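Shared between the two complexes below is chain A, which pairs with chain B and chain C, respectively.
Let's turn to the complex of A and B:
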């Protein structure tokens, strides 16, 4: 306890400079920037910014530009073009392009007008027929490109010419008839000019279809297929997606959506002039690309299509309103498009680099000088040779047994890097078998009352292996915290666990910001990124108990059954948390300012606790932890493999009690035989040692201990 | 094309050539006045500009790009030259201005594509719009800029005949030879193929791919401007509203139908000539038949569709070999 007090004094004596640094890093959330930038919706950030700037500039330059009437008009046009952009977006996401939209628009416009004005059909018949007509036009493209595998660019270029020629031939014959025969249909006029609450009908229809499209692309199987094909046609084909049919359907959809635009246009303007839809493909393509839908396929969303449509439309309308020469129109449009596209593309390309640079955000972490572990220091920390005689089990046959555990029949279990739970059979532990294959990286383990083996799997969550060797997922998510930018509901790095008498499973998740293999980067940050989570086997619910822990690692239920001990690896502390009883919800420090990084904690036969130190602190990292700016610069400027790295080559096993006294330590001085330890279990007079970097399980005989001690029996009683 | 390849795979080039021959023969037999020296020369003259533009496009497409701004390049530099001459500037000055603006435009296009990494389709779409607008706003007074007599020293580019062949056709031939020489006989030409075939591979082997892409667009712009001058000389004016037409689609069709794949790295000048011949024959035959412009487009489109459809049956692409982003 003396050490603990000394440690607290050491922290209290911090200088003003350190205190300011600490405040700076305690209260300024550096990590949020990287997390926001890493969000997928940031891809749309640039187009949205452009949209806002365009809207602002135009509303400043043109009086009444954003008036209700003007907006309603913009809304009508946006709806009409918006449908076509949606179709184009779909085709572009699947990896194609549809240049024929302008001509299809003209033809479907003609079709609707012809049915309404010349043939005098009712609206209810004219609209479906026009939609089917649009679908057929799209199907021509779709069949040629999807089924006959023609090139999209060339094919739609040709259909552009063919459809345009058809339109010209048709209007030559029927333009006068269309102009002469206005249909007498309120429904038709309502489609063209109707409003609800000041908002044109077309906007409602567009909103409905856009929402449907969004759901399709993000939530439904066909939408995922579309994105998959666009992302990698070959992989999509090889994984059994109906590539041809899906591609065809995208072009058909483009035709239908264009027809919807055509219907609204026809009902509003009732004209079949020669220049309808000429160059529309350019506008639509521009809108799609400006919105951020990439030409290569696989990237895009409804939101992007909408933003792109609005930008293009505002620019065109603004320029028209300013009634400048057509040449200015062209110049400004061209220049804005190039500028926006250049920024957008640079942004998309470099986003992950920026994220990489700013994601790692070290914070201030001060520890007092570590207690000495010199052989002549006179404390229990004094380094010794007690681990030297460790014998090896499964040498060279197992990789990375982070935790080891023994069942009531003395069989030995360990996880492995390959995602297996390996079992060594008693009594000699020579025979090895794969007990279960789970995947991921099995870490901490614990048996429950009914011989189920619970395992924390790095990268997957909490799993259970029944005595019949059946693997079951227990939980892989917890409640999402509202203040977190990253979605922290999924478990990234479940680490160690223990089970209470009432069937509560407390397990640690080391970090919510990094993946398993990036654990060292989390150490570089030294922020409280980890948490302790509780899974209730009675209700099947998971919820987070403690947040903001510095790499919580080992968990062990304390002797009173109402609290548990847990180690914080980067915090170099062991704490005790009460989940029940009079001290419920309280956390107390048990061990402070450890000379190394604590890992798993387990019971010892004499009622105390074993704990491993996975590695020892060193003055360089201690100093760097007090210098967040230094570590930030390192993360930005130095390649990842040359960053500071916590030492995990050598450690020790120690025994401590609930009062925070270190009773004894076991070392392998010089690291000759078994220096790397992440876990240990005492069993019938022996200590079994696991190590995440080891190719064996260590075993040493303990002197003067209860040789009948079996953790399973002590925990759950003899069966 | 080698005999072995021909027996195994009939390429698009061969199909298009066969269609061309078929059409040429049937027109010659059934169309009165088609197979006469006068008509055939007229046919060539009509498609010479298209052919020159096709050559410019070919250089870019072989390097895995596309240049939609070509019609603007056709109209604006030549139009500027005519406008300056009209306003009394000397010939050298007008010519220099035209060349400089084409050069600068090509450099900007190339820079945006190679260094800013905007897709070529989109870059040239927007830059073409910009150039056309610039011409309209800053350069031209009227939609049609007339030829002035001060330019007559260079009117040979588009007027008159050499050995009975109209000058535009001669110019087409000259540009074709130059482009063929560049592509097949120079190191830079070989690099263009390398970049088009496999840009990343080309870069890995040390080819300066970005400057090379810039070069492609500069060449395309210069050839495009040259085509504009030939056109201005032959029709005695520059109708600047030409960039509202669908000429650019014809140019792309000439190139692609001839057999230069849009995925780059394939084809050459011969493909452009074949493509131009097919389009020329088609247009000429239909004009003789007195088919309306719209119906001509319709027929043209359907024939083109059939051509690429046959190609896709003879040379099917499968999912395994299809290139990503190959649209």
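Let's turn to the complex of A and C:
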């Protein structure tokens, strides 16, 4: 924004140190790092990076490592092991572990070979039977762990030994028969060696199953149940999920997927040697953990399983190509598993802390010295006690009326922090009723010409209450900006609004980086995180008009009907934007370097504007705003309750005109009645005051004003 | 080398000296409202110190010394400069510090004895005087170069030039007891040693002849100030301001601290103060935000009122408080006289009177 730079240039003699700081923070986007880290895909991004590095290093070190032939071979192995990793992933996501996959792999491999080589069954019969056999092996684990609640680690360790013993007994009897009786089946050979378009069959099958697995985990109920159980078994049980059955089924699936891997392996190598599947559980576990599937359960995806598989295979093949002994192979894998497991645990435990520490990224924000507000300063800013006689409406009955508005029948409306729109009935405003319940935190309000009450709801968006008290959502999203890492299409903190004659609703969104209760963190950053958005009631479309504003707040249509005024709270400015007419698209500064933080803006009876200052600047904060490093460290080291905050315990109401002259101010210096003022409306000679932390609405008689002034009538004409 | 590496890791990780943690009000320091609820004996705009001879309360107010009989005060001395510290001598005289630069005895056997000023010793900020039973005086000189009124500058400049002297009214001798303290503010004789409040290091240090200094109590949640003996044995210690994490943090943020010293007026610094909430130009911290018109009493105290009762070994027995939402802040002196505890709350410019038995009962409740 050029004009904010103009404001910065107004700082008397900006020092070189300040200038360097400003450049540093203007051109280096600190906030992006935290936004990237907070993304969910970050957890997959790290293994993918590792994969790319491993592939690059190995292809540099070993000639032809990534050649087509080598890749096809890797693809075959990847398919076979990949199925097992998928099974392991399922079991791990549900919160368990399956160590018996190596032995199950050997047994299902034997089963397929036995059926094909010895019994000479047709492929169409051998495959289903092998799959069922795998399912039964898995079911043993599943029933013991899922139904009888044995420990997964111990149970699968024991089945690992038993299955292995079984395999050795069987191979002792049938190894020669298997080696001697090659089946004569083209189908069987095709499974083992077949290719389409140079890609092995196993890869297609793997791809199909992986896609199904992805859909299962992310889109289908059983998948959600699996993740839920892994995340918190007890909560899953309490919410009615069939925990035991789901867990059992995960182990069964692991058996079936292992059997698929076994079938492809059998058809390719046709061997029942003694070392098949030995140590496979380490390889598979390493792949799963490297891919980012958490050992703690509840976290994982098919993509992660795939990436982990590829990393592990590339490493194994690389080591094999470099003619390292199998023992080294396993040692390296074991070391990687240890490392990955350690990182997994540390990362999971500390991720949110790292994100919390990195996300808040203050920037350079310089303001000229604030104008004096001393009682003897001789300007309209001089503090006074004019608000002291304010009377309270709804004292103790309403909490947090950020904005107040009056309808054409003199009834008074205000939001509350409970998510209600409260109505006080004219003439004495003693009777209070809930006009509508919306939820969220109702903030700015405006009536349109049909008596609809439009309300900005913090945390929800723009809503409308019809005269029949029906609550309707108007909009809660705008166009996503392409340069933003955070998804900024949802509205986080719609703040204040006004409506043009043509039915355009301009409303401010204070920040796109923080939630409403984190407003002070946005103040700590002092970056232009906010924006002005336009909702067109004629077309029902929403789009962003101005970006990068420092906590835009009050919005008020200007007298020409072609522009609006808006306040930037942390910028301490009021600006005017033309949305129509010859100056269309231009922004001009109306008030600059305010001594406090501007909030809502509304019309006054004499054609000027009322504006509230929600809080006042203090020299220590002004200095801190010029020192982003100080604020960054403060955010990290000091608890939030002890942070240096923008002071919003004292404020005032002021009247200004479109030329940027401040005409008068109204204060309550003791802060007894109105510690905070966030909005005000003039109505029939009175000023009504709202405050987001107050438990009352203030009302004060104005002197020498038009006592017939009703904002509604002025805006939309008398009915 | 290793030391500097350790310091660096400390700074990176916020450990050791770089930690900004502040002890909590726990156990005998549990907060109450005794000081806030105390009876106001008098309101004096320029009161600096309290003293007692066991019969009456003496108050240094501006350039005068007042003596209280019941609720009625009587001006007994008027000096040419503001009195920054006062003590009653066993022989009936009074020792005062004038503008922090001179120590003067009036009345008693050694009437007119003077130290400092044009003499061989230069004082800058004498802020406490105490007399031993054998007639010796102990004085603390807060800092070399900064007057008592500029304690805040000394704190935020990491001042460490406080001194303690022993003065002998009989012959005018001066003996240096300690120097290089991080602000010396308050002293008393205890068991043959001199207990001194080393304010910026949040501790009481015992100086004994021919012994190395020893911390009596350390890690106080506030900055200790004057000490006085309690009737039942033990001592009264005031903490005139408290530590907060934000101030501890700023004290370690040297570039911000130095710019603040240079560019911001002292009353608006991020620093402890004797009173607070006077203007919106003071810095506000998160928990200071008024919700529904109420400010939390446990919010980080920019100003606070605290008196600590110590036993003979310097262990804390109980404490009296005026919390963040109160007014009687900046308690710089407390003396016990005739069954009452008198406290000077500079934040509210009041002399407070607390009936001892009642105060102890409510503090221990």
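For the reader, a short list of remarks on this structure follows.
The rule is simple: the second predicted complex is superposed on the first by the 493 of 719 C-alpha atoms of A that agree within 3 Å, B and C clash if a C-alpha of one lies under 4 Å from a C-alpha of the other, contacts with A are read in each partner's own complex, and residues count from 1 in each chain.
One rule holds for everything that comes next: a residue touches a chain if its C-beta (ideal position, glycine included) is under 8 Å from a C-beta of that chain, and two chains touch if they have at least 3 such contacts.
If you're wondering where the values come from, they're calculated on a predicted model, not measured in any experiment.
Judged by the touch definition given at the top, the superposed model places A:621 against chain C, while chain B stays out of reach.
In the superposed pair of complexes, A:36 makes contact with neither chain B nor chain C.
Contact with neither chain B nor chain C is seen for A:118 once the two complexes are overlaid on the shared chain. Applying the stated contact rule after C-alpha superposition, one finds that A:675 touches chain C and leaves chain B untouched.
Ranked by how many residues of chain A each touches, chain B and chain C are led by B.
Applying the stated contact rule after C-alpha superposition, one finds that A:168 touches chain B and leaves chain C untouched. Of the two partner chains, chain C is the only one touched by A:646; chain B is not. Overlap of the chain B and chain C interfaces on chain A comprises no residues.
Note for the complex: chain C touches chain A at residues 14, 20, 244-246, 249, 253, 255-256, 259-260, 263-265, 268-270, 280-293, 295, 299-300. Within the complex formed with chain B, the chain A residues making contact are 95-97, 144, 148-155, 157-162, 164-166, 168-169, 172, 232-234, 237-238, 243, 282, 285-286, 289, 295-297, 325-335, 337-338, 341-342, 345-346, 349. Those residues of chain A whose C-beta lies close enough to touch chain C in the complex are 399, 520, 596, 615-616, 618-621, 623-624, 627, 629-630, 633-634, 637-650, 671, 675-676, 693-695. Interface residues of chain B, counted against chain A in their complex, comprise 112, 116-119, 121-123, 125-138, 246, 249, 252-253, 256, 262, 292-298, 300-302, 304-305, 308-309, 312-313, 316-320, 322, 324-327.
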